[in-house]
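Next up, some structures in structure tokens.
You will see chain A twice below: alongside chain B first, and alongside chain C after that.
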Partner chain A sequence: MKKFNVFVPDKKITYLLLLIMIIFPLIYPIGIAIKPSENTILAYNYIEALKPGSSVILFIDFGLGNSAELTPQVIACLKHFAKKDLKVYAATQVPEMATALETYLEQTYGAAGKVYGEDYVDLGYFAGAESALGAMGDSLIAVFKTDINGTDLTTIPMMEKIVKLPDINVVFAVTASGTIPFIRQCNAKFGMPIIFSVNAVMGPANVPYIQSGQAVSVLVGSPAAAQYETIIGEPGMATAAMDAQSLAHVVIILLIIWGNIGYFIEKRQKKAEKNA
Partner chain B sequence: MKRTIPLIIAFLVGMGLVLDNFITFAPLNTSMVSLRSWLVILALFSLMVAALNLLMVHIPRIMKRKGTWSQSIVLVTFMLLTIISGIFIGTKGTVYQTLYTGIMTPGGSTVTALLAFFIASAAVRTFRARNLESTLLLITAIILMLSNVTIGNAISQYIPTIGNWITNVPNATAQRGLIISSSLAFVTINLRNILGFSTQWLGGKD
Partner chain C sequence: MHISNDPVVWLAAFITVSFLSFVFWNDSPFYKYVQSAYLGVAAGVTVVVGWGNIKNQVITPLTNGDFSMVVPIILGCLLLIRLIPGLNWVARYPVAVLVAGGAGLGLANTVQAQFVSQIKTALLPLNSIDNVIMFVGLIAVLAFFFLTGRTTHTIEKYKLGWLTYLGRIVLMIAFGASFGTTVMGRCSILIGRLQFLLTNFLGL
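Presenting the complex of A and B:
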């Protein structure tokens, strides 16, 4: 039988503690203050400085698995775009996200009373990943013949002045797979400003792009979404989840510290036994 | 010939796309524009091939009742149901929406959410300050875990400041080195493919 060690908690205990600490604040929110980070402020200020009528292309490059982490960022930013009267061209390179993209636009632009085809357009799914981004640099119609509803792009009012990717003012890429294709095809080639929204694990790897000026900012995970919701004054899904995430992190840290205390006690005992 | 012709095509296409970035020469630029849109069409075909391949793997498995054939039934049934409902009823139809919001969305999120529990359990069981390096890693991890959530700032305003410094200075320095070296490797690999020094993509050996 496995020897019981109080300092190395069983997996089930860790899971149970985490579960309690995640569920509890979701039911009874603690309301820990949310302070926007430098990167979130950078992204917000950049959007805020755009003139009404400026255009943004939204790329959805994550699957449903990352939806819980990245959807709140998409919603918060789209709400801000709508407030600023920005024209949004939305597309996804993940087939399963075409349906989700329609919902995002309905929840934000649709709910704000914006007109489809004049204020926002859903270009739907495109295949070819980076090759397609390269082709968009030549012509958007070469990649998207129609919008998600099958309407010919040439008949959509918003497409009158937009022929190719660099005709659009800003790229907003929400990705869980990689930022490099966007850097190469949008910024390096055409000098387009890019705001990235990535999941938490990708955050540190993308910091150099802000410092080099290749990206305006990188919004990282749910905390960035909660901060964005706070700045625009529209608390949503991410704000609600922040207390849960905070407490889950604290539980993990406490368990790690607890495990280390046990490790040092054990080490000292072994040393004492050896000396005896 | 079976190898020479693909190598010549790869050389011409690769060099054409590289030169297109640096030279303004109408015939070259126009032909590269066409080529880039062909790539999109090719990608769409590969999607169709992938779907057909999936059926060709799983249908014989079901017919012969081999291995995990019961799971193959679930896969094929839902794949066909999603395709048929999407094409004939439309993606806004009840069947497609039920499959999407009732099964795909919660399923995808659940599988990823489970990772949080596995990672937490693994960290708790293995993160030990055994030597100087692991102690530094442990301290850095704790600071970053706290600085990335709201409670970090609630405990002390210095936690986010230290977290930002770790991310923007030591982390960014290391990441920059990684990005530059991996980019150089990427250029080298692609040049080898274009110039025909590497033929692995043709099924050959380097």
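Presenting the complex of A and C:
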């Protein structure tokens, strides 16, 4: 039988501890204060400064696996866009997200009483990834042809003034696969401002794009969503999850410290045994 | 507590709990079942989406008299010739077109997007602590990559061991930040599923 070591507990115990610490605040919220970060404020201020009627193209580039992290960001930003009367052109390069995109638009623009085809349009799924993005630089209609409902784009009022990608004011790319195609095809080629919303894993690698001026801001993971919800004054899914997120982090940090203490004690014991 | 009456929510809850059961019971029958079901559904969706793409982008334009897709169709078919033994060399032509197209599309803006802008941003005036840390970190990491391996004699000659060591520490800090945010992301996914179970399913 394996000898019990208090510093190396069974993984089931750590998972159980983590589950308890996540479930508890979800049922009984603690209300830990959420302070918007500099990057979240950057994105918010940029959108605030846009004139009503300005256009935003929303790219959904994540699958359902990242939905828990990125959906709150999409919803929070779309709510802000709706408040600012921005025209939204939405598209996804992930097939399974076409239905989710319809739901996002319905929950935000639809719920705000915006008119489909005049205030927002769902361009649906597009294949071709970066090459399709490159082609949008010449013509959006050539890439999409129809909206999600099969309506010819030339008959949609919102498409009258928007012929190609650079005719749109801002790119809002929500991605879990990579920011580089957007930077290459939208910013480097046309100098378009981009607001990125990325999953937490991608955060550290993409934040430098703000400093280089290649991105307006990079919103990272669910904390950024919670911060955005706080700024626009509409607490949602991310705000509700922040207590659990914070307590989970505390548990993980304590477990790391605990493991390190065990490591050093074990190292000292082995050294003592060797010297004995 | 108002447990959902929606069978779809029940199904989603069953799948979520079955997947999470792996943590406590490893390969439980429930886990094995939902794993197989997930793979099957994913494969099915891929086939449907693939067919949808072919239908929308090839068949519909062709039937409408748009023959601009003929060349891509031929190239696509040539890719499948790879499956015929002895003729697999034919597939090199569409692969060449794909690689050349991708490289041309990407490279055109890569220099500006990933080199010039990043290098320009790295050239900071040393007028704040942040900038000094960035500059020293950059030099240390560059030294770590340039002054290792065959250049050990250079380190010894100019006594630069401290710089490469500092570079290693900077890299470890960067990896640590990545690891930290990865943990945060995984927690978010778990919280998302638990939120679903507690609110959508159990109605708490």
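General observations
Simple rule for what comes next: the second predicted complex is superposed on the first by the 276 of 276 C-alpha atoms of A that agree within 3 Å, B and C clash if a C-alpha of one lies under 4 Å from a C-alpha of the other, contacts with A are read in each partner's own complex, and residues count from 1 in each chain.
Note that a residue touches a chain if its C-beta (ideal position, glycine included) is under 8 Å from a C-beta of that chain, and two chains touch if they have at least 3 such contacts.
Please read all numbers here as calculations on a predicted model, not as lab measurements.
When the two complexes are overlaid on their common chain A, residue A:K51 makes contact with neither chain B nor chain C. Touch criterion met: A:N187 reaches chain C, while chain B stays clear of it. When both complexes are overlaid on chain A, the residue A:M237 reaches chain C alone and has no touch with chain B.
Contacts of A:I23 after superposition on the shared chain: chain C is touched, whereas chain B is not. Once chain A of one complex is fitted onto chain A of the other, the partner contacts of A:P223 extend to both chain B and chain C.
By the touch criterion stated above, A:G65 is placed in contact with chain B and with chain C alike. Note on chain A: of its two partners chain C and chain B, the one contacting more of its residues is B.
When the two complexes are overlaid on their common chain A, residue A:Q211 makes contact with chain B and with chain C alike. By the touch criterion defined above, A:K274 lies against neither chain B nor chain C after alignment on the C-alpha atoms of chain A.
With both structures placed on the common chain, the touch criterion links A:V8 to chain B but leaves chain C unconnected.
The intersection of chain A residues touching chain B with those touching chain C, taken from the two complexes, comprises 11, 15, 18, 65-69, 95-96, 127, 131, 134, 189, 200, 203-205, 208, 211, 220-221, 223, 245, 248-249, 252. Across the complex, chain B is touched by residues 8-9, 11, 14-15, 18, 32-35, 37-38, 63-69, 95-96, 98-100, 102, 126-129, 131-132, 134-135, 137-139, 142-143, 189, 200, 203-208, 211, 220-221, 223, 226, 242-243, 245-253, 255-256, 259-260, 263-264 of chain A. Taken together, the chain C residues at the contact with chain A in this complex read 23-24, 45, 49, 52-53, 57, 101-102, 105-106, 108-110, 112-114, 117-118, 120-121, 174, 177-178, 181-185, 187-195, 198, 204. Those residues of chain A that touch chain C in the shared complex are 11-12, 15-16, 18-19, 22-23, 26-27, 65-69, 95-96, 125, 127, 130-131, 134, 180, 183-185, 187-189, 199-201, 203-205, 208, 211-214, 220-223, 237, 240-241, 244-245, 248-249, 252.
Of all the residues in chain B, the ones that touch chain A in their complex are 21, 33, 36-37, 39-40, 42-44, 46-47, 91, 96-97, 100, 104-105, 107-109, 111-113, 116-117, 120-121, 123-125, 127-130, 138, 142, 145-146, 148-151, 153-154, 160, 164, 167-168, 171-172, 175-176, 178-179.
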